Amino acid sequence: MKITQRVKKILANYESDNPGTKTKLARMLMHGRLGGTGHMVILPVDQGFEHGPARSFAPNPPAYDPHYHFQLAVDAGLSAYAAPLGMIEAGAASFTGAVPTILKLNSSTSHATSKDQAITGSVGDALRLGCSAIGFTIYPAADDQFEMFEEIQELAEEAKSVGLAVVVWSYPRGGNLSKEGETAIDVCAYAAQIAALLGAHIIKVKPPTAHIEQPEARKVYEAQGIDVSTLTARIAHVIQSAFNGRRLVVFSGGAAKGLDGLFDEIRQIRDGGATGSIIGRNTFQRPRDEALVMLDTIINIYKGRA
Amino acid sequence: MKITQRVKKILANYESDNPGTKTKLARMLMHGRLGGTGHMVILPVDQGFEHGPARSFAPNPPAYDPHYHFQLAVDAGLSAYAAPLGMIEAGAASFTGAVPTILKLNSSTSHATSKDQAITGSVGDALRLGCSAIGFTIYPAADDQFEMFEEIQELAEEAKSVGLAVVVWSYPRGGNLSKEGETAIDVCAYAAQIAALLGAHIIKVKPPTAHIEQPEARKVYEAQGIDVSTLTARIAHVIQSAFNGRRLVVFSGGAAKGLDGLFDEIRQIRDGGATGSIIGRNTFQRPRDEALVMLDTIINIYKGRA
Amino acid sequence: MKITQRVKKILANYESDNPGTKTKLARMLMHGRLGGTGHMVILPVDQGFEHGPARSFAPNPPAYDPHYHFQLAVDAGLSAYAAPLGMIEAGAASFTGAVPTILKLNSSTSHATSKDQAITGSVGDALRLGCSAIGFTIYPAADDQFEMFEEIQELAEEAKSVGLAVVVWSYPRGGNLSKEGETAIDVCAYAAQIAALLGAHIIKVKPPTAHIEQPEARKVYEAQGIDVSTLTARIAHVIQSAFNGRRLVVFSGGAAKGLDGLFDEIRQIRDGGATGSIIGRNTFQRPRDEALVMLDTIINIYKGRA
Amino acid sequence: MKITQRVKKILANYESDNPGTKTKLARMLMHGRLGGTGHMVILPVDQGFEHGPARSFAPNPPAYDPHYHFQLAVDAGLSAYAAPLGMIEAGAASFTGAVPTILKLNSSTSHATSKDQAITGSVGDALRLGCSAIGFTIYPAADDQFEMFEEIQELAEEAKSVGLAVVVWSYPRGGNLSKEGETAIDVCAYAAQIAALLGAHIIKVKPPTAHIEQPEARKVYEAQGIDVSTLTARIAHVIQSAFNGRRLVVFSGGAAKGLDGLFDEIRQIRDGGATGSIIGRNTFQRPRDEALVMLDTIINIYKGRA
Amino acid sequence: MKITQRVKKILANYESDNPGTKTKLARMLMHGRLGGTGHMVILPVDQGFEHGPARSFAPNPPAYDPHYHFQLAVDAGLSAYAAPLGMIEAGAASFTGAVPTILKLNSSTSHATSKDQAITGSVGDALRLGCSAIGFTIYPAADDQFEMFEEIQELAEEAKSVGLAVVVWSYPRGGNLSKEGETAIDVCAYAAQIAALLGAHIIKVKPPTAHIEQPEARKVYEAQGIDVSTLTARIAHVIQSAFNGRRLVVFSGGAAKGLDGLFDEIRQIRDGGATGSIIGRNTFQRPRDEALVMLDTIINIYKGRA
């Protein structure tokens, strides 16, 4: 595998990491149909934990089987597959080397009565399962935000020391935040900044709206004339907030919409300078053939061909 | 001991486990009268902790003696015997090699004022007592659910690293859950999914009712037409929720009923694809002779002969 | 020292313990005037912590001196002496080998505003002080019961690994328990069961009353016709609840009474099958000569001579 | 690099530190345009965490890039650059040896609902990134003050053992403190004292006002006639409170003011005997050229030339 | 240095300690003008933490300098000097071997909103700074008393294992205790007992009043006719409560009074059998010459010459 100039340039941004971690980043950036382009499309499957099995898999029953998702990620030529412990354990040997995996180390349930997650995996688990990265969700603004920051601080330090990459899902919620504020542009850019400051290599945030949540921030956005009028502009602002593009940022799908709306949104995300997309339910809740067609289009969008 | 094809197939589902852990799973699956069939009947005796000695053993006083249960499990040809620390310590040497044991690592009491359990044993205890597996109870939905998930995450990782198997009792309760919801089909399937995601090798849940607890889940069950009309159908849905059958699932006895009702229930559990049954009070609260007869029938049910 | 058949039989019940721990149990069972009989009388002196020095020692001022209690235990021919860290440190060298010691590892004060105890010693302390056992108090039913169970789980595992015995004071209190319920027969038998399940070698409980606290338990006691009419019958039920006599159980003195009342109570405790008595204030709050006479009678009761 | 007499004298005040830590202190004291003078000007960039990216960097967009701050600190000839994990990781290799760095090990966000900070870095991180010191914020008076003291106690002990210096931001807030009290002279002097007692090598406090917050302190200030009438006198009192000048103390900028006001304040800080200034937003929120001019003047003030 | 018979007798009371710890006790007991007499006068300087710098040092400004206190302790011929981390670090090398030091390992501030202290030093710190002992404050009766007991249990065990002595400040407060009760004779004697039981070598308590706080204790004090009528009698009762004199007990100064009142109080403390005095503010808040004269008189009182 010959690392492309584009990927070399990205890796150079991770200047403090050891060769082990850089190798894992390279593995994800060079894998699949977007390999070498600097773009990534990741398949995350943690809905079984978050929403339960029926809500996650009943629309497409083959997806109850953990092998289904590995195979889908392989066949679609995705960059990586992210899931909690049991899902990875159930397929890690069958799909050894077939697709880079990201072990989600914390999880929540729809039963949860607080804005927090449980640690459900370890760096040791990620190593024994041959994963390329650990994944971790933080809830900036939540009453437990500091505990979550401290957890990822410890896990990330350990992961980096053993040559793994770190992916942070940064989802503001809880505390004094309004529901609308969870996807506000100021809050989303802040979430990307926090993840970067915590040492994430790859940051996952939601596509932001034009809403501005914090009064102190609003003053600055207005005074400085920060453009938040289009999604592309907002994405660009988030990328800027991730160390001016020195960190990889992938975006989840936004609110429910048709395929055309999704593709259009992804084009804007791409045009804003995003690394790529991380698409879960939209993928595995469709019949496999439809999912493969959809992912093909998304990949082509990032290749600039759609 | 020649491993049967059926058991080899099951073991293949535990593809990330080391040979030590697979050996312990094989030991339980190849032991007793159901050895080699892929089915299991397990004797759990943790009622002394949960309800106190008189409520547990007075109906059949020889059961006050820890040796009684080892001997019963041996004579009935069961697959394994599960109990808390003191119970195993009191017989582990006398019954060395006679029956696989599962050390229950957490326990509650009927005095408890919160939905939680205390850690009352360790992986080190399980090793020094020659156990095949650790057992652990989680209460999905409870206010302390995340703490329990984190406890089993650490214990399971340690257990797997030293070649032990992991059995998780997944009993939803507490939090916002209604009493009826504790055995609702959506909640029970979710409980199996959570245990699987946490890395359990063997999952114990209760036989589910047709009630659906969570409104968001109800929508999906109705929209997708998931069959919850018969116990057999519900069991099949739970098995599906345990990684589409890649994880062993055993069911406790349901509400109190006569022997015929029990046998009928177990036939439905079997027909739904369950691994087997885990039967405590129904076993040791009867005179020994009656218990042996009852277990003989249950075993025959799983052999397809009753 | 030639181990008697009676003691060999008792030691055989501790079948999972290593020779180090069995040696410590043998040391206590073979020591003093009851050595070899299978009975024990233990001197506990933790009242200084629980009630303060004046309430504990002013009635017999020589008892302010830690050496007093060592000497008393030696001269009375008792089986062991139990006390908190400072008390043992202050005499452990002077009385090396003179009497087995039990280091109490947790303690409370009369200032306490919650039902809990502080850890005030360690297994390492017990080892460096040449103790035979660690002692630990649990409060089944208390809001902090689970924390206490987890503490003794860890301490007991460590103690057993280094060849020490484990003595558990099981004193129900707090939570939903009534004052009368603290010594109810169902609660006391349950307390013995919990200590046994937690892995205690020697269990200390209070002599139970005929009161039954828990409604669910009352149903069983009545349905099964469990005899709780005499202290002897109740003691026998507690012993039964301690793994059917596989665990040593000692009883503290009950409510204040005259010496004749005390001796009569101890005869009933003995007749119920108890291992022995653990007598603190009743011993050291008397003049030394009177205490020695009293202990002589108690020992003779356990020898069947009084 | 020949250590000046002035710096040797300062280093002598750190008489309990090992040569490794003294070397790091020397590195900061000998670096930049103030090298050798005993004065320091430090660039701290933790506003991205505290206030979010737009509020921090939008006024001067090149500052979104972590390299910007390294370069600014280098070009201005500053003594050191302090920032959280991600900021240092993103430039530590490119600027190896170019400027001493201080890794901020805890951080807060503007979402925070309590007066506390999260641990967001480790001593190990500081070592692998080649930092000269760790930085840590305490909030004396906050409800969580003791937890913060305990965190820095552990981190400082570890840092000193591996030859790093310790910089403590001592910012009173929370608890019973009024808003005005946060910068009161008694509270600020106390904050410096606490940081010194906790073992800080370099202490950062805010310039104090003449307000006296604590009634018990007011009595003493009045009885002893402590001069708090001018900023210079108050600075001198803070320096006195930092072990009579045995610890380095740097001051942040006070309330918003024009450049002339800032320079005048810094002259008073200098005249009070301060080690130097630590200037964040005032620096990086200006265009780079203006910032360099401003820093040049500040450095000249400390050189006694402005 | 030839150990006196008096000191040898005292050291014999610490019969469980290793030679390292005994050496440290001997170092303090043989140092200064009271060396060899069995008496001690200790200088504690933790007021900077507890009350802030101005309230502590403004009455005698040279005392802002940590060296001042070392020198004062040396020149007055005191037995030891106790202070928090920063104070010891700032002089430990300059005064190596000049006076035994006690590192205070926990501290509070006047901002505190709860009855607790923060851990602000470690046993490792005490070792690297060449200290003879660790110091630790407990608040018997406080809501956090058990946490404090557990902290000193761990620290004391570690200190003893590395040959350090343990000094416990036992200051009842909080919980259900009245203000008057903090110095009540029953509470003070209990505080000494608790410190002794926790394994303290040297115990610091306040001189008790004749008030009796706890109703249960009052009954015993009256029934047993314990003499609490004079300070000398009360001191003797406290000493008795410290293992009948087997533990060293030093007393802080009582309520504010003139020098004559102080000397008279110390004579009574001495006559009650106390080991000595620990005098902070009364010492360093006077001009140095006056302090030396005062300490000279106090030392002479303990020598029986004043």
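We call the chains A, B, C, D and E, going by the order they appear; numbering starts again at 1 in every chain.
Just so we're on the same page, a contact is a pair of C-beta atoms (placed from the backbone, for glycine too) under 8 Å apart; a residue touches a chain by one contact, two chains touch by 3 or more.
Computed from a prediction, not measured in an experiment: that's the story for all the values here.
Q: Minimal path length between subunit C and subunit E through chains that touch?
A: Tracing touching chains, the least step count from subunit C to subunit E comes to 1.
Q: Which whole number of Å gives the spacing of the CA centres of subunit D and subunit E?
A: Spacing between the chain centres: roughly 36 Å.
Q: Could you grab the centroid distance between subunit A and subunit C? Build each centroid from C-alpha atoms only and quote it in angstrom.
A: One centre to the other, that is 58 Å.
Q: Would you please write down the residue numbers of subunit D that are in contact with two or more other chains?
A: Within subunit D, no residue contacts more than one other chain.
Q: Should the pattern of chain-chain touching be classed as line, ring, star, complete or other?
A: ring
Q: Can you trace the ring for me, subunit A first, then subunit B, and on through the rest?
A: A, B, C, E, D
Q: Over in the complex, which subunit C residues touch subunit B? Could you list them?
A: 13, 15-17, 140-141, 143, 145-147, 149-150, 153-154, 157, 161, 172, 175-177, 186, 189-190, 192-194, 196-200, 214, 216-217, 220-221, 224, 226, 237, 240-241, 243-244, 246-247
Q: Could you list, by residue number, the parts of subunit D that touch subunit A in their complex?
A: 48-49, 51-55, 58-59, 61, 64-66, 84-94, 107-113, 116-122, 124-125, 128-129
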